[in-house]
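Both of the next two complexes hold subunit A, though its partner changes from subunit B to subunit C.
Moving on, here comes the complex of A and B:
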C-alpha cells in the first residue's frame, strides 16, 4: 500500500541510499556542523554583557538555551533550494518528474540522511561545550527529550516547506535562490538563534510571534533546555504553519510542473 | 604593469555589463542589504539600554564597529565572494588549466577577475554608519588620523582577503572547500561586536589566530583616537604576513596541481 507514493520498501531504499551518499561527504558535513558556531559566539557575548539579566534566564539557563539552539539548528537546517536549483538547471529534475514518486520526497530523504551523518559531529561539539562549561551539563528528562525532538522535526518541516515554496518559484525564475536570502535574514534575527526572543522589546516579540521564525529555533530550544514554555500553544502554532504551507506548496508545485519545459527545450 | 591595469579595466567592465542583465537581482540585493543592516542594529541595540555598555564601548562607539563590519561585508560581496568561490569550480572542472596558461599572474586573475556591484550599497551604508557613530561619540579626526584609518582598513581588507584566499587555495587538494569558507564566515561574524566584549580566551583567538580584531575593532579605535601603537604595528605586520603566506602557499599549491581527472 502506498501513502503519498511511499511504502516501507521505498522509504528504506531512499533513506539507505541517501545516507550512504551523505556519508561520502562526511568531511564536508563536519565543516557544515562547525559553521553553526554562531550561537556559541553570541552566548559568550551575552554572558559578559550588562544586558544579561534582562533575558530572564538565570545561571546556566542561558548556556543551555544556546546549546539547545545550536542543536536544534543542526537538525533543522534546510538546503533543498540549492540542490533543487542545481537539479533544475542541469536537467536532472526531468527523470525525477517521470517517476511515480513526488520529487520532494527525494529531498526530504537526503536531508534526513544528512542529519544522521551530522549526528556524531554535533555530539562531539556538544561534548566539547560541556568540557569547557561543565556547570551547564544536564540530561533532559525523557519526556522533554521526546518533545524537543518532535518540536525540532516540526521546525524542520516548516523550514522545508518554506524553502520548497520558494524553490517552486524556480519553475518561473531561474534565480529563485536569491529570494531565499530574503527569507534567511528575518530568520536569522527573529528565530532566537542570536538571542532568546524574551530579550526582544515587547512589540518586536509580538511581531515575531506572528511569523514562523521563533517556532524554528526558540520554541524547540526552550523545550530541550527545559525552560518554562507553553507547550500546547507552541505545538499548535507549529502545526498551524504546516497545515497552512503544505497545500500552498503542493498547489504552486503543480502549477510549476505544468510550466516546466526542461532545460534546453 | 600596464598590461595588468588594462586587463583589470576589461575584467570589471565586462563583469558589470553582465551583472546588469539581472536587474531584479539588484532590487532583491538592495532589500536584503537594508533588512540585514536593520537586523544587525536591532541585535546590537539589545545589548544596550540606559547606562549599559558592551565591553566598555558605548552605543555610538559600537556603531562604528558595526559600520566597519558592514563595509568589510560589502567588500566581501563585491570582490571576494564572486572571485574566490569560483576557484573551487575552476579546480573541479579543470578550467584552472586555461587560467594557468594565460600570460598573466594566476593569483591576480583569480582574485580580480570579476566584480559584483551588489555589495556597493553596503559599503556606502557602512561608511555612513562609521561617520555618524564617530560624530555622535565625539570623535574628531585630523587628516593624519584619517590616513591611519584608511591604512588600518586596508590592512583589515588584506587580512580578510589572505585568509579567504588561503582556504580557497586548499581546493587544489580537497576540491570542495566551499564549506570551509562558510566556517570562516561564521567566525568573522564575531567582528560585528567590539573584541573587548568577548571573554579573554576568545579575545586572544580573535587577535592572534583569526585576527577578527584588526578587521573592525582596531579601525574603530583609530577613529575614536584611542588605538595603541603596538596594536597598529601588530595589525599592519599581520596583514603583510598573511598576504606573503597566502602568496607563497598559492605558489606551493600550484606545484601540486594535477588538473582535473588525473
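Moving on, here comes the complex of A and C:
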C-alpha cells in the first residue's frame, strides 16, 4: 500500500541510495558543515560586547543557545532549489516527472541522506566546542532531546516547503530561484542565527513571530538548550506553517508542471 | 501535401496503441532583440512569437509496430514524442496512448510507457547504475526477485556486466547509453519512445543498440517510436516511417515508398565499349552525365524495362547497373531544396 506515493520499500531503497550518493560528496559536506559556524562567530562577538546582558541569557546559557542554533541549522539546511535547478537543466527532471513517484520525495530523500552524512562532522565540531568551552557542557534530558529533534525536523519541513514553493514558481520563470536568495536576508536576521529572538526590540520580535523564520532556528535551539520556551505554542505554530504550506506547494507544483508542460520541457 | 496513410488491418479492429489526431504544438517564445535597448524594449512591452513546432499531424500505431520518425533538425520530432509521453500538453488535437490521455500522467499510463532521450540522462552520475536501477524497481513496485531477473536478462541482451556496479561517470558514452536503456526498460513498458537513442555512439555501439531494440521488440512485442539522424537505424529497425517537415507530416508509410515518392527515378549506369555522343540518348530518360564510355541516366520506373531493352539493343554495353539513390541523400536533398 502506498501512502503519499510511498511505501516502506521505496523509503528504504531511496534513503539507502541517497545516503550512498551523499557519501560521494562527503568532502564537500564536511566543508558545508564547517561553513555553518556563523553561530560561533556570533557567540564570540556577543561575548566580547557590552550588549551581551541584553540577550537575557546567563553565561553558559548563551553558549548553549548558539551551539544548539548551530546544530539545528546543520540538520535543517535545505538546498532543494539548487538540486531542482540542476535536474531541470540536465533534463533529469523529465524522467522523474514520468515516474509514478512525486519528484519532491527524491529531494526529501537526498536531504535526509545528506543529514546522515553530516552527522559525524557536526559531532566533531560539537566535541571541539566543548573542549574549548568545557563549562558549557551539558547533555539534554531525553525528553528535551526528543522534542528538539522533532522541532528541528519540523523546521526542516517548513524550510523544505518554502523552497519547494519557490521551485514550483521556477516552472513559470527560471528567475524565480532568485527569490530564495532574497529570503536569505530576513532568514538570517529573524531566525535567531545572529542573536536569540528575545534580544530584539519588541516590535521586531512581534513582527518576527508572524513569519516562519523564528521557528526555523530559535525555537528548536531553545528546546535543545533547555531554555525557557512555550513548547505548545512553538509546536502549534510550526505545525500551522506546515499545514499552510503543504497544500500550497502541492497545488502550485501541479499547476507549475502543467504550465511547464505547456511551455515545453 | 496530404500524407500517405498506410492502413493496417488491426486499425479496423480498434487495437491501436497510439492514436494521434490533428496534433499541434505552438510554443510561445519571448521575442527579444539583442543588446541593451532590445532588453529594455522587451522589459517595457513583452512581445511573443509563436513557434509552430508541430502542425496538425495524425497517425495511428498498432501494438508491436516499430515506427521511425524522420525529419531535419527542428522539424518537431522531439516535441511530438514529448506530447505522446505526456511531458508536454498539446496545443490542439487528440492523443491517446495505451488507452490514456498522456498529459494526465496517470500512474497506470506511466507504468506502460518509457521515454529514452539520447542526450539526456536519468542515472545518478556519481553512483553505479545498479543503485538507480534499485530505486526504479522500488518506484515501479517491482519485487526484488523480478528486478534481479529482469536486470540480468536485459544486461545479457545489452552486453552489460560489471559496468552496472561502476559509477556512471566512469562509463563510456556507449556503456552509459546501454545502462540508460536498461533503466528505462526495467518496468517492462510496452510503449517505447526513443529520441535519438544512438546519438554520439560509434558505429559498433550503434549497431548493438539497434540489435537490442530489434530483439526487444521481437521478444516483448513492445511498440516503438524512435527518432534518429542515422539512416541506418531507421532502415534496420523501422518498416514504417513518419517523415515530419517543419511540423507537418509529409509521409507515413514504408521507407521504400518514401524513396519512390521523393525520387521516383531510378539511376541507370552504363559502361560502353566505345564512346558515344550525348545526343544519342535522346528519349532514353534524363541524362545525368556522359563522359567517354561511362553514362549516367535517370529513368522513370515504368519506362525502365523499355529503356534498358533499347539501350542494350542500340549500344555495345559492357556493363549496366540500376540503382535507387540512397534514402538519406534524397531526404537531405529534399530539405535543402525546400521541395516540400
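Following the convention adopted for this analysis, the second predicted complex is superposed on the first by the 260 of 265 C-alpha atoms of A that agree within 3 Å, B and C clash if a C-alpha of one lies under 4 Å from a C-alpha of the other, contacts with A are read in each partner's own complex, and residues count from 1 in each chain.
As a working rule, a contact is a pair of C-beta atoms (placed from the backbone, for glycine too) under 8 Å apart; a residue touches a chain by one contact, two chains touch by 3 or more.
All values derive from a computational prediction rather than experimental measurement.
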Practice problem: Return fit or clash for subunit B versus subunit C, each positioned on subunit A through the superposition. | Solution: fit
Quiz item: Now for A:90: first (subunit B), second (subunit C), both, or neither, which partner does it touch?
Solution: second
Quiz item: Of the partners subunit B and subunit C, which touch A:59 in the superposed model: first, second, both, neither?
Solution: neither
Quiz item: From the CA centre of subunit A, what is the angle out to the CA centres of subunit B and subunit C, nearest 10°?
Solution: 90
Exercise. Considering only the touch criterion stated at the top, classify A:194 as touching first (subunit B), second (subunit C), both, or neither.
Key: first
Exercise. In the overlay, answer first, second, both or neither for which of subunit B and subunit C A:24 touches.
Key: second
Exercise. Name the contact category of A:134: first (subunit B only), second (subunit C only), both, or neither.
Key: neither
Quiz item: Counting only touches as set out at the top, which of subunit B and subunit C does A:10 meet: first, second, both, neither?
Solution: second
Quiz item: Does the superposition put A:101 against subunit B (first), subunit C (second), both, or neither?
Solution: second
Exercise. Quote the smallest CA-to-CA distance from subunit B to subunit C in the superposed model, rounded to whole Å.
Key: 5
Exercise. Using the superposition described at the top, list the residues of subunit A that contact subunit B and also contact subunit C.
Key: 25
Quiz item: How about subunit A: which of its residues touch subunit B in the complex?
Solution: 25, 27-28, 31-32, 34-38, 41, 44-45, 47-51, 54, 173, 175, 178-179, 181-182, 185-186, 188-189, 194-195, 199-200, 204
Exercise. Spell out the part of subunit B that touches subunit A in their complex, as residue ranges.
Key: 22, 24-25, 28-29, 31-32, 35-36, 39-40, 42-43, 46-49, 52-55, 174, 176, 179-180, 182-183, 185-187, 189-190, 193, 197-199, 202
Quiz item: What part of subunit A is in contact with subunit C in the complex they form?
Solution: 7, 9-10, 12-14, 17, 20-21, 24-25, 90-92, 94-101, 258, 261-265
Quiz prompt | Sites on subunit C touched by subunit A in the complex | solution = 25, 27-28, 53, 79, 82, 85-89, 103, 105, 107, 110-111, 113-115, 117, 119-122, 124, 126-127, 131-132, 134-141, 167, 184
